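Following are the structures in question.
Note that subunit A is present in both complexes that follow, paired respectively with subunit B and with subunit C.
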Partner chain A sequence: MSPSVGALRARFGRAIGRAFVSCGDTVVFVDRVAIRDVLRWLKETPGQEFNYLVDLTAVEYRDGERPLEVVYELFSLGRRAQLRVKVQLAKETTLELDSVVPVWRGADWLEREVYDMFGIAFRGHPDLRRILMWETYAEGFPLRKDFPLRGRFSRSEQVRQALNIHPEAHYSMEELSIAEAAQDLPADMRERLRHGERGTVPERPPEEPDGD
Partner chain B sequence: MATKRTVEFELATTGADARGRPIRLPLGVATAEPEDDDLDLGGHNMLINIGPQHPATHGVLRLVVELDGEVVVRVIPHVGYLHSGFEKLGEYRHYNQIIPLTDRTDYLSPMSNNVALALAAEKLMGIEITERCRVLRVIACEMSRLISHLVWMGTTAIDIGAFTPFLWTFYERERIYNLQEAWTGARLTTSLTRVGGMMADVPDGFTENLRQWCRNFPKTLDEVDRVLTRNGIWCARTQGVGVLTGEEAINFSMSGPMLRASGVAYDVRKDRPYLGYETYDFNVPVGEHGDVYDRYLVRFEELRQSTRILEQALDRLPDGPINVDDPRVILPPKSAAMSDMEAMIFHFKQVMEGVKAPVGEAYFPVENGKGELGYYFVSDGTAKPVRWRIRPPSFINLAALPKMAEGALLSDLIAINASVDIVMGEVDR
Partner chain C sequence: MGLSGPTTVQSMSPNWLTTRLTSLADWAVNWGRANSLWPMPFGTACCAIEFMATAASRFDLARFGMERMAFSPRQADVLLCAGRLPFKLAPVIRRIYDQMPQPKWVISMGACASSGGIFDNYAMVQGIDTVVPVDVYVPGCPPRPEGLLYGILLLHKKIKGETLADRSLRDEQILGATGLRLPPETVDELSEPFGNSVHQTRSA
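And then the complex of A and B:
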């Protein structure tokens, strides 16, 4: 068992749950409220220095009663030590957790992936969007156990939706705001976007009469 | 907000314009009213879309770029076009059945993915592999690293405008592919390992041919060195481009040559050794500037070091079995399964039920060509994992692209993107 577990208990007390060793890796459970503080402490405290976030992922068990787990795989480059920190999220609660992007920038895409695949939202994430699935994906969260291997919709419905995607929907509103491209869209595209799944088109300000 | 104006140029040479004025004016002189002095030409940033089908994006990567003139203000990468749901598929398969899926993630170094998966499953099950198997796996890993870096070097040189090194590196890659094909029967979908051993031993003549290759390869490497390393254009296009400091690289969870080029000497083979890498004599090259040029130098030196490791592995390759002696894990030989009752039962149970793993979880990282590849298994005691997680080095390295490309020129964005060494099969999984 990694000595960091004892240090964590001394510092955070009841926020630290049970710890065990599996296949030589130390795993420690942390209360969901304290997770960002615990990880920041592990990263910045001399003697711990878990400065490298190896991986961030989530696990759902086949046993439907068991809570979801968010897994932070940590490594200390200086001390060559490993620690796996886990947070349990009961399924009947809101699946929400503090983002650790302020601690590690590398958590950005990893948290987006967990959100995309498991539907766990990260509070304070700068840009929490789906990443591997497209933004308008409506079938749910693929790595959840209640998600069928082939998706929720029938094959024909999936094909129909894929064929009905408008090319302009491949740009997010934020991207269209670059160069004010949203203003320059043809009227029919703007109309489709307005009814589309990408959010609302910013209204064009009233036309000023042109110079001539 | 200023509305957009259009400025009309009269290009005709005779006659009068719409307002009745003669248009015998030098070409390009605007005929707009003189009070229009608040003209806003090019006041907006430009939106550029690169990909998903573009040779310089190395697969189906899409970049939405905001440009101010030629300077990149912001890059918004879009990934997922090649998403195949490997992690989900893995939950429906036995551990050995997952191995073909790993071929298809990082398809530029399939053998080391196979090795990593077998190692992760063996860690979970507590299996100790044979010595010959270890050395063969080291050979497989280093061959994969060589292939991966050779592809990287060739394609990056093309992206930056040098075509010739591509031919040389792909020639050498083809030679390794021939060896790989002789060993596994496949060029890409190798599925080389099994939990507890290997799919096949190396064929006759393999070691001699690989030795021969190791002797010849440095000559090609020297040629590439002569063409690129001190080439003025190459240096101008790569030096000081896409710089990441060591701290930033760690903060972005970068790994592999990307991390080492920024001066952080973290190599899984040295820091979390596996397969007896601590007993091989090799160096880990580390850069100091963290730019595209240092990434090139780091990968270049890794090619030499991998060749060294290969030679040492060939020297020490022991005789003996490649599989563990455990009928619950390793399939019996076909002849035994067809004639011996006990062997047939083991064969049946393995094929129908798979190899059961104890309750627990294991994360196993290896140093792949792209960076730290890790497989994380969670088992509930059945023959299929509850969760199979790929720690994808390309995906995590690519996440730093917007940071690296900020303020660079559009042409540098191509060089920076090439330097990350992504494989979209692994980014999207």
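And then the complex of A and C:
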């Protein structure tokens, strides 16, 4: 068991849940309200110095009663120590959690991916958009257990919506390396970027497209 | 040929002459087209590796006049989709296809491009023929270079059977009012699960 768990209990008390060792890795559960404070403390406290967020992901278990888990895989490059921090989100609650982008910049795209695949919203994230699926994707969150493998719409509806994506309206002005050359862009493209156009969700055809 | 019998009056008519001239022109044009196809590789997966092997010296696409890869759709004849196509890329390949000038053909290389392959899921187009018209399907996962070459030779054969008289071959096929290339029922039918994947259900 990592000594960090004891230090966490001394510092945060009841916000720290059970902890155990799995395959040599220490896993510790943290209350969802305290998560950002706990992680910031783990990063900034001398003696902890978990300065590297290896991964941020989420898990939904096949057992429908079990809550969703958000997993933070931490590593201290200086101390060569590992810690896995987990937060449980009960499914009947709003799936919201404080963003850790203020703590680790690298959490940006990881949180976007968790949002895209599981629908967990991160409060305080600077740019919480879908990252793998396109932004007008309307079928839900693909890695949730209640999501059918082939998606919710019929194949023809999926193809139709996919063909309606605006491929070049995908980036915000800030993301583009051409931001300083904005004046040289064609007028229509500049206008689209200025409005942050993301495309719209296309209208469903009148008949119910979901067949079987 | 000339020895087939006495020439009838009918076969000497202007119609006969037109037909002979057209078929001569067809032969010359198709010969030129078939033997200098410029492929536009659209490689998204492992099939693209096999395509590169086909283009390299051991198998050598240059033998079939295809040594000039066109990485711009505006200077290409054949769109060669090598690999799986996610829905997110569907508008991209559609636009690339629309940008290619006529005459143009499409080869769908491998199981994923042709049918979705093992990826019968929410993210994958189940056959690029639901997005762009396809001339030759090359099966395999991925196909061997010989398989791709055979597909290219089949395309040559198809091109040599075309005629300039049929203008409809070269019509641009734009997306219909439904926003799809085909009627929605046809797309659904083409995307039907098959093989092992029939055991999975669409419903939750």
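Convention: the second predicted complex is superposed on the first by the 163 of 212 C-alpha atoms of A that agree within 3 Å, B and C clash if a C-alpha of one lies under 4 Å from a C-alpha of the other, contacts with A are read in each partner's own complex, and residues count from 1 in each chain.
As a working rule, contacts are C-beta pairs under 8 Å (C-beta built on N, C-alpha and C of every residue); 3 or more make two chains touch, one makes a residue touch a chain.
All values derive from a computational prediction rather than experimental measurement.
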Counting only touches as set out at the top, which of subunit B and subunit C does A:Glu92 meet: first, second, both, neither?
neither
Taking the superposition on A as described, I'd like to know which of subunit B and subunit C A:Asp25 touches: first, second, both or neither.
first
Return first, second, both or neither, reflecting whether A:Asp55 touches subunit B, subunit C, both chains, or no partner chain.
first
Give one of first, second, both or neither to describe whether A:Asp146 is in contact with subunit B, with subunit C, with both, or with none.
second
Touching partner for A:Met133 - first (subunit B), second (subunit C), both, neither
both
Partner chain in contact with A:Arg160 - subunit B first, subunit C second, else both or neither:
second
Greater residue coverage of subunit A in the superposed arrangement, subunit B or subunit C:
B
First (subunit B), second (subunit C), both or neither: which does A:Glu65 touch?
neither
Which positions of subunit A sit in both the subunit B and the subunit C interface?
133-134, 142, 147, 149, 205, 210-212
Name, in rising order, each residue of subunit A that touches subunit B in their complex.
22-25, 27, 51-55, 57, 59-63, 71, 73, 77, 80, 82, 84, 104-110, 113, 117, 130-134, 142-143, 147, 149, 171-172, 174-176, 178-181, 205, 207-208, 210-212
Touching residues of subunit B toward subunit A in the complex: what are they?
1, 3, 5, 32-33, 36, 44-47, 64, 66, 74, 76, 79-80, 83, 85, 87-89, 92, 123-124, 126, 248, 250-254, 264, 266, 271-272, 360-363, 365, 372, 374, 376, 378, 380, 386-387, 389, 391, 395-396, 398-400, 403, 428-429
If you look only at subunit A, which of its residues touch subunit C in the complex?
133-134, 139, 142, 146-151, 154-167, 202, 205, 209-212
Please give the residue numbers of subunit C that touch subunit A in the complex, ascending.
87-88, 90-92, 94-95, 120-123, 125-126, 130-131, 175, 178-180, 184-185, 187-188, 190-191, 193, 200-204
